[in-house]
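What follows is a group of structures, each given as structure tokens.
In the two complexes below, chain A is the common chain; its partner is chain B in one and chain C in the other.
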Partner chain A sequence: MTHIWKTRPWFWVAVLAAIALVLPLVVSNPFAVDIFIRVLLFAFIGVAWNLMGGYAKQLSLGHAAYFGLGAYTSTILLIRFGISPWIGIIAGGVVAMLASLPIGALCFRLRGPYFAIATIATAQVLMLLFLKFRDFAWGAEGTTLPNLGDAPLMMQFDSKAAYYYLALALLALGLAITYRIERSWMGFYLVAVGEDEDAAEAIGVDTTKIKRHIYLISAFLTALGGTFYIQYIYFIDPNTAFSFNISVEAALVSIVGGIGTLWGPVVGTILLEATSALLQSWFGSGHGGVQLTVYSLILVSVILWRPSGLIGVFSDLYRRFTYAGAARAKEVPLDG
Partner chain B sequence: MAEALVIRNLSKRFGGLRAVQDLSFAVQDGETVALIGPNGAGKTTSFNLITGYYRPDTGSVFAFGRELVGLRPHEICGHGLARTFQVARPFGKMTVLANVMTGAFLRNKNLDTARSRARTAIEFVGLSAKEHTPARELTTIDQRRLEMARALATEPRLLLLDEVMAGLNHAEVDQAVALIGKLSKRGLTIVIVEHVMRAIMAVARHIVVLDHGQKIAEGGPKDIVANQEVIRAYLGTGYRYEAPAGDAAC
Partner chain C sequence: MLATLAQAVVNGLLIGGIYALVSIGVTLIFGVVKIVNFAQGEFVMIGMYISFFLASTFGVDPLLSLLISMPSLFAIGVLLQHFLIRRVLALGDMPQIFLTFALSLLLMNIALLLFTANYRTVQTPYSELTFHIGPVYFAVAKLIAFAIAMLLSALLYLFLHGTDLGKAMRAAAQNREVAMLMGINPDRVFCVAVGVALALAGAAGSLLMPFYPAYPLVGQIFVLMAFVAVVLGTLGNITGALIASLMMGVAESLGVQFVGADSGLIVVFVMLLLTLAFRPNGLFGGWAR
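The block that comes next holds the complex of A and B.
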């Protein structure tokens, strides 16, 4: 857990939750709410990525594979079989988990950058497969989702606020799972694997098994995000569902915010999404390169000056103001 | 006395290099055995073969009545063999306590139990004052202490220590020797790879000498230092054996 939350952590979480809950009631501008939804969604995907990429330092750049599988599973179930996306979202998660087993078995043979490259390949291969599935999965053209109006049972809503709360619920779920894992033996094992796999094996950590398990959880959560996203934008095609940008974004928000910390992906997403939304409104879509340039500038600055992520900036400030924060901080064993 | 560890005809080649050749020795339960020899003699390779990091070409490793060849390192640790590394490998960003707790989780997944067991191990190696220090900030000797505590937290029956005293000064070697003595008194079986002869003479009752991957001698400290082949290959003619606490280190 990051330092900022250490004195009266639940108080701060409650404040944050309260703000998050009233936000769509105060802000009614659909453009703003759309940004909030994207922030929540990408923070959630970042949290899912962070479990494996952050704590266990298995830097996957292929999480789009699970995002896309979740998206396609629920959409196929919805359109071909009329099954509600509420069931589809879980089914998508299960499909992603099943897919993570062979993908993990292959990719975990590799370490470091080789692992990252292999995971990129898995997402790209899945994208190519879905481009070819014309009859069943609409090929490259993709498809729009049938608009059912306000149909909560089919995960379709008239108001954007409903999507907002759904994304908020997903993020809360991801954070709660991370919190639980961080405070259990599993969190220790993950960090140990991230630090030194051989040393972890020496003290009895089944590194293969723990990586497989965290990959299952991470894939499941990412797939939930995929279903949600497609339900939100009413359209699916392989380039959207398996977009490399999703993989990069999931990793980037965690790295910028603070890798292997509970709130890191949230902080990172708020910064990056806010920046990209502002840039888009300033420059329109005519200057496609601007957004990427600013992204890379942020990334380079963080890596140069704050390699442990921006969350450290907040915790340092916080500790400077509260001595108690520093004293309590020492009670939490997992932190450095 | 029962045999804790039996190594039989263990061999390992790396390309053309015979790192370990036809090595056999046994360690009795509760005994402290030292593995010595010049650099490149195959000591660390033997450790890696015993603890599952390398798979031997031939031979068997039998510990507490179980064949270990073919098992993964974590399984071997589960069977009660814990090791340290020649260059300490702490989990740098974790605190000392978190490092040792990670070891303690092997036998008990409960957070509080693991914490209290970890504290016992930390106290045993004398690191209690630095419980909340991130491991990467520790000095060399403290990192070795930490690694020992982490290994002890897995509740081993046999401890394999790979050059825990390299780079330590005189006083620190004495502390390390005392620590190993304390572990041995608690009934732990210990296999130690070491170059500091003074320490070996103080802790080991049985010594196995390796050279070019082969065992060239085996016996009590007095026999070893008198052995002509050991003198030629490792100790050198200038080495004189004195009383265990003496200062005739190489």
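The block that comes next holds the complex of A and C.
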């Protein structure tokens, strides 16, 4: 007689989802809910990054470009034209997809590290443009969003829980898309490109096309995160929307968790954000540098000792836990 | 107008010499070890702080502190290669990129913790000194920095072409396996390459100190310039990196002069993107591919 929790990874997903759903009902401390929202948002952006950076190994350090484009598109539509961010968030995604085509066409000419550098440059150029053109989008000063109180139709809510559920929905969307892609031909093509681009090309994978397609999806999702973030903090300026830290965080959470795995970015974000929250409670927020020092130490350790990411540690535990009862579980580990 | 143009070109060329030291280091490591060192700018920062503390504590002239910053950074480079980079050489792109990237974040933030974000400057007798030829002014500190940078680049060229170790380095860059068959010890060659590259970054730091403030994030601007110059000058090509760096310096300076004070970087990035669009292999052929 085997138990359901030993054979069905889906059982654990359901448990996780249930915990995530009731969490804001149990925890009312706004500081804690704020951390949860950050975890969900960065896990989501990590998931979006991971589609391209993890599966296809196109290591972008410029995803802030799409985050910022999403944020600015919805904000400009909202403030200049009074269009609801619910429409703006999709419009932002579309703008990001359109931007990813020329950016991809340029950057995909380079491989490995130089691809990463070229993507940094594109995000920086966008930031500098938004800083410079004041008439178009408020320049360096940025702008605050009009506070409409509790206006669900304008993506503004009184309760933090509403933002929490919105972020949770985004993350669920990202994970569902990743899950579908992982099990499709596209997923296999992506892994082939990630393993060896020339070999993939040689066996008939249209690597240019597949990279372009995954970049479109990744850019779209990242832009959704950008709109959400700006709606949540009610303020936008180029240094926030195109912050290099966004690009870094997206890559970091995926790498620490485990690139090219469904749950890697989620695990990575939980670990890093928990560390960051602990550090803040120990040192206060006054010490610039503590958080990133610890992040980079974690990153170096993961790269040197566990380059496949910390999710491996958890799936090993899971396997050890389930192996005695069910050999089947070995074929269907948690991370797929 | 013509004088302004000439002045901008001169200023650009002089700072381009510093960019050259940084980008030659990046391209040397890339050519020999096949790693992109994202932390190269942070070693410039370390060089600057070494010179700053030597100057503020012992009154050592920043140019004299070259004699300390360069060997120190050479040693750091050998250790870096031996204990960290060597361990990711057999791994894929991700560890190779993110090891030095993490190192860059780490060094920046440790500097922030130790030295705070304050700008540190060193005043030397020649810091404010200028002379002019016709309408064009030359800052003496920048001119000295440029001259020493060119001298060091020339010495590196002689080293790579005239000594056994230098030739071994170029051989290892061209074909690691065949070089090993010829009796070249790649570990040793790699250590020297990273050491030399970091020594150049340290030199750049010391040379900057008389006219440029030191702060924890100072390296970022130099490493960005270096990356663009290295792509523009063809990856792994040292002469290419040198020429491209000088071009970048001039382009940045012209951008500041004629487009606006905050436009230097835009010009530089646009140059990178144009290069990628039209000459993705850079402007020059390479001695190491």
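The definition used in the following text is that the second predicted complex is superposed on the first by the 316 of 336 C-alpha atoms of A that agree within 3 Å, B and C clash if a C-alpha of one lies under 4 Å from a C-alpha of the other, contacts with A are read in each partner's own complex, and residues count from 1 in each chain.
The rule is short, and it goes like this: a residue touches a chain if its C-beta (ideal position, glycine included) is under 8 Å from a C-beta of that chain, and two chains touch if they have at least 3 such contacts.
From a predicted model like this one, the values you see are computed outputs, not experimental measurements.
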Mind working out whether A:26 is in touch with chain B, chain C, both or neither, as first, second, both or neither? neither
Which holds for A:153: it touches chain B only (first), chain C only (second), both, or neither? neither
Partner chain in contact with A:109 - chain B first, chain C second, else both or neither: second
Touch check for A:57: first (chain B), second (chain C), both, or neither? second
Once the shared chain is lined up, is A:118 touching chain B (first), chain C (second), both, or neither of them? second
If you stack the two complexes on chain A, which partner ends up touching A:296: first (chain B), second (chain C), both, or neither? second
Name the chain, either chain B or chain C, that contacts more residues of chain A. C
Which chain A residues are contacted by chain C in one complex and by chain B in the other? none
As the complex stands, chain B meets chain A at residues 51-53, 72-75, 77-78, 82-85, 89-95, 97-98, 101-103, 105-106, 109, 111, 114-115, 132, 134, 136, 150-151, 153-154
Could you please specify the touching residues of chain A with respect to chain C in the complex? 57, 59, 61, 106-107, 109-114, 116-118, 120-122, 124-125, 128-129, 131-132, 248, 251, 255, 259, 287-290, 292-293, 295-297, 299-300, 303-304, 307
Given the complex, residues on chain A that touch chain B span 183-185, 188-189, 191-192, 195-196, 198-208, 330, 333-336
Can you list the chain C residues touching chain A in their complex? 35-36, 38, 84, 87-88, 91-99, 101-103, 105-106, 108-110, 112-113, 117, 216, 224, 227-228, 231, 235, 260, 262-263, 265-266, 269-270, 272-273, 276-277, 280
